[in-house]
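Contents: one structure, followed by commentary.
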Amino acid sequence: MTAPVPEPTPLSRAPGVAFILKKALISALVALVLFSLMIGVRTEAGPTGQLIYWTRFGDLAAMVATVFGGSIVVELLRQWWGPVGTVRIVPPPMQNALAVARRAIAPVLLIFTFLVPVIFYDQRYILDLGILVLTYVMLGWGLNVVVGLAGLLDLGYVAFYAVGAYSYALLSTNFGLSFWVCLPLAGILAAFWGVLLGFPVLRLRGDYLAIVTLAFGEIIRLVIINWQSLTGGPNGVSGIPRPTFFGIPLTPGDDGLAAKLGIEFSPTHRIVFLFYVILALALLTNWVTIRLRRLPIGRAWEALREDEVACRALGINTTTTKLTAFATGAMFGGFAGAFFATRQGFISPESFTFQESALVLAIVVLGGMGSQLGVALAALTMIGGFELFRGFDQYRMLVFGIAMVLLMIWRPRGLIGHRAPTVFLRHSQPIVSELVREGRA
Amino acid sequence: MDYFAQQLINGVVLGSIYGLIAIGYTMVYGIVGMINFAHGDIFMIGGFIALISFLLLVSLGLTAVPVILLIVLLVSMAITALYGWTVERIAYRPLRHSFRLAPMLSAIGMSFVLINYSQIAQGARVKPVPPIITGGYTLHEGSEGFVVRLSNVQIIVVITTIVLLAIFTWLVSRTRLGRDMRACEQDQTMAALLGVDVDRTISMTFVIGAALAAVAGMMYLLYYGLVDFFMGFVAGIKAFTAAVLGGIGSLPGAMLGGLLIGLIETFWSAYFSVEYKDVAAFSILIVVLIFLPTGLLGRPEVEKV
Amino acid sequence: MSEPCILSVDHLSMRFGGVVAVNDLSFTAERRKITALIGPNGAGKTTVFNCITGFYKPTSGAMRLTHDDGRNVQLERLNDFRISKQAKVARTFQNIRLFPGMTALENLMVAQHNALMRASGLTFLGLIGAPSWRSAEKHAIDLARRWLGRIGLLDRADDAAGNLPYGDQRRLEIARAMCTEPALLCLDEPAAGLNARESAALSELLLSIRADHGTSILLIEHDMSVVMEISDHIVVMDYGVKIAEGAPQDVRDNPRVIAAYLGADEEEAIAVMESGT
């Protein structure tokens, strides 16, 4: 005898209009209280130094109404889409199409990137944007080694970026060394810092490691600001020489590259050159990372992320494994920093704030920890998105913060939902991200 | 010697403020195991709310300082507590069963939201406030002419801290809520099975932490006479250092840690260098985590294999 | 003539604050034999394991591992990973600790990390793709393949370890430990959660490991059928103390052991036994 099927109760039916309205009303009330003083009243330091204020009840009302409306929209969406994490079955023909698209994305993107300076030769803005995106792609790939592969949460990655930048800046302005000589030096110095910083703290758990790396990043920035005799303090270092084409400068004069090649000089040459330099550096980062993943050290990084205790039981020295991950990531950060210095010609501590570390971390997490393509796409999305907000700096960071929260709620494992194994007997089967651990926390 | 005594007083006052913030960190870490990255910015919001409430009350014609202080205290505690509740509801609760790093990254996002929200809402410039409470007591006049002063503001800060600590300790050890909190700290699943409303308890933890941070914000406003949108970031790290130094999860530890950090920072800037005082605080964090990870009053954790 | 004992535990004690988990424990495990460590829950068996494999630093006592060539290693002085690397002690865990996001094959490759690191010239030879590296890698894959075949997972080599059924995961963990080519294999409840058929297969696997590789085995186990079938020597613990040691037959009929498992008094146990049931 089968059990009787229960009658659908009011609770099991979809929430009605009253429920949604009630929720929206509560949200609006909460918003009213939250915004009452912060938005309703605007304070400012007055002309004589005293504090003045004025009211903005119109803005307040608008914000509360937005929350009310937004709450309704969110509820409706939630009903339509189902709760976060609902599994959606993708029909097979679409699955095949997706699979083909997935494999095509990387090569297509790569070819497109190579051709960007050709396609957009005259659009300085696009070229600059491209250089910026590629810089962050490289930073993302570098941090990916630490966070994505080894599972070590590093919130102070900007420190290595800064070390690389200042190394090149100071070496070139004080000793006249060229970019190509300083580049490996910057990487080595940054790696050295990585080991130095990493050594005492790598046995800390995830949360603590994160805070400590954050503290390190801040310490480096404060030291840079305050050690004026060495770093120029808040004024930074200027007059950083631009890179040469293996010794031949890209200047309009007779000894310039343009003259040597017999073509007319154009300032765009240097931009294009810089574009290909950062592209080469980024691709180097990518290549090394992919190779290392297949070698025992890379596999040890990933095993460390999966289960550190098991690693130790297998005889793996987890301390040196963590240090190598840290140092390798730091080295790439250093390279990127040196490039940044030479591209800008001027650096100051303001470029090396915690916000940068958070941005690179967001790129790595959004990309799907460990995935090279994911990180590249994430960098493109984030930096491209940032560009849309040019001129609205504060709103930019506000949206960034909201995006991070939403990302964690909606897709905490990032865009790319799987991990590719590094060795296989028959065929390489991607592993879904739910199985892949994200490091010890 | 007089200089030393003055720094001692200043350090204790600063330490009280850090301690109030640190309690929020330690409570949240104890109950949900996450570092509430946005907590320092809740402190900042508390400061702003206090500032604006002050302005409104003064412009409404109120002149009795104790009445103003009391109203501002209650208002900023209430509103900031609501901020804390909202942040938990929106950014942390949905992630409670998610991957371990998700709440931390969400908290970082929330921190950015709060900082930039304040910046947009109230402008980027530092907001100065004329001293609301003036006067004090001269404790000792030194031979070189250096005067050791204990100002009224300092007395108020310390007394408020003590009173709140007393209330709070009573809350945690004697009330049902406190018992629920301690139960959730030990074993959330079991607490839920025994009828503890885990969601509500966790929310209340955040709310109380935010309320205390609001008090700290108001005290900061009274003591230093200014607020700015970035003050939560550095203060947050220092308060977290205090929580770790005292032993994360331990409430007396948070206060003790706060006092120590306040004293260290004050003495460092007085005797060594002001520019590097933040570096000193951050370095202490690193040193403590390396050599004394369980803090002064914490319990050592043995990892189960 | 090599020393018969591979592992000698002397007066081992482990204290956690006020709790004494292991109290003055001494026993030996013989070379190329299977020694079982049994006892009721909470007896301290896993704690002993953790001390032997370096995850806990014992409060007092000594543990000596003697290699085939006579070299002695004092385990209480080594850090955890060094015990696996230098003392050649491998272990599995009570709650399986595989690398779930990696394939079965990758799990076995990680186990050969140290050998492969040396062969890759600390990575550098590997980066340039030197032939010596490539042959070492091939050799490692072959070893992994042999073990996968042995535990019947060859056709699931490319599946994520986290996706494998429970019994397969247990066997994979043992294979992974064996890929480190240990002298002493410590197994923490390898038969937990296995049905009768799987337990029999496990017993067979362990016996073949002992026969083919000469590996000594120390195992914690609750499944008496497995213990009785394969053990050469049994050590019984209760409340952190050794209460019996000897051949399986002797231990099985020991009233103290029975009493400990039943949670009853020794006298009661003897009474039950003598009443002929």
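Think of it as A, B and C in the order they're written, each chain with its own count starting at 1.
Just so it is clear, a contact is a pair of C-beta atoms (placed from the backbone, for glycine too) under 8 Å apart; a residue touches a chain by one contact, two chains touch by 3 or more.
From a predicted model like this one, the values you see are computed outputs, not experimental measurements.
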item: Label of the chain whose CA centroid is most distant from the centroid of chain A; value: C
item: Maximum inter-chain contact count - chain pair; value: A-B
item: Distance-to-centre winner among chains (Cα means, whole assembly as reference); value: A
item: Centre-to-centre distance between chain B and chain A (centres being mean Cα positions), rounded to whole Å; value: 30
item: Rounded Å distance between chain B and chain C, as computed from the means of their C-alpha atoms; value: 49
item: Centre-of-Cα separation between chain C and chain A, whole angstrom; value: 43
item: Residues of chain B whose C-beta touches two or more other chains; value: 303, 305
item: Residues of chain C engaged with two or more neighbouring chains; value: 55, 93
item: Residues within chain A bordering two or more other chains; value: 309
item: Complex interface listing, chain A residues touching chain C; value: 288, 291-292, 295-297, 299-300, 302-303, 305-307, 309-318, 419, 421-429, 431-432, 435-437
item: List of chain B residues in touch with chain A within their complex; value: 33-35, 45, 48-49, 51-53, 55-56, 59, 79, 82-83, 86, 90-91, 94-95, 98-106, 108-130, 233, 237, 240, 244, 275-276, 278-279, 282-283, 285-286, 289-290, 293, 303, 305
item: Of chain C, residues touching chain A in the complex; value: 53-55, 80-82, 84-85, 90-91, 93, 97-103, 105-106, 109-114, 116-117, 120, 123, 126-127, 141, 145, 154, 157-160, 162-163, 176-177, 180
item: Interface residues, chain A side, partner chain B - complex; value: 30, 33-34, 36-39, 41-45, 49-51, 53, 84, 153, 155, 200-201, 204, 206-208, 210-212, 214-216, 218-219, 222-223, 225-226, 309, 354-355, 358, 361-362, 365, 394-395, 397-398, 400-405, 407-409, 412-413, 438-439, 441
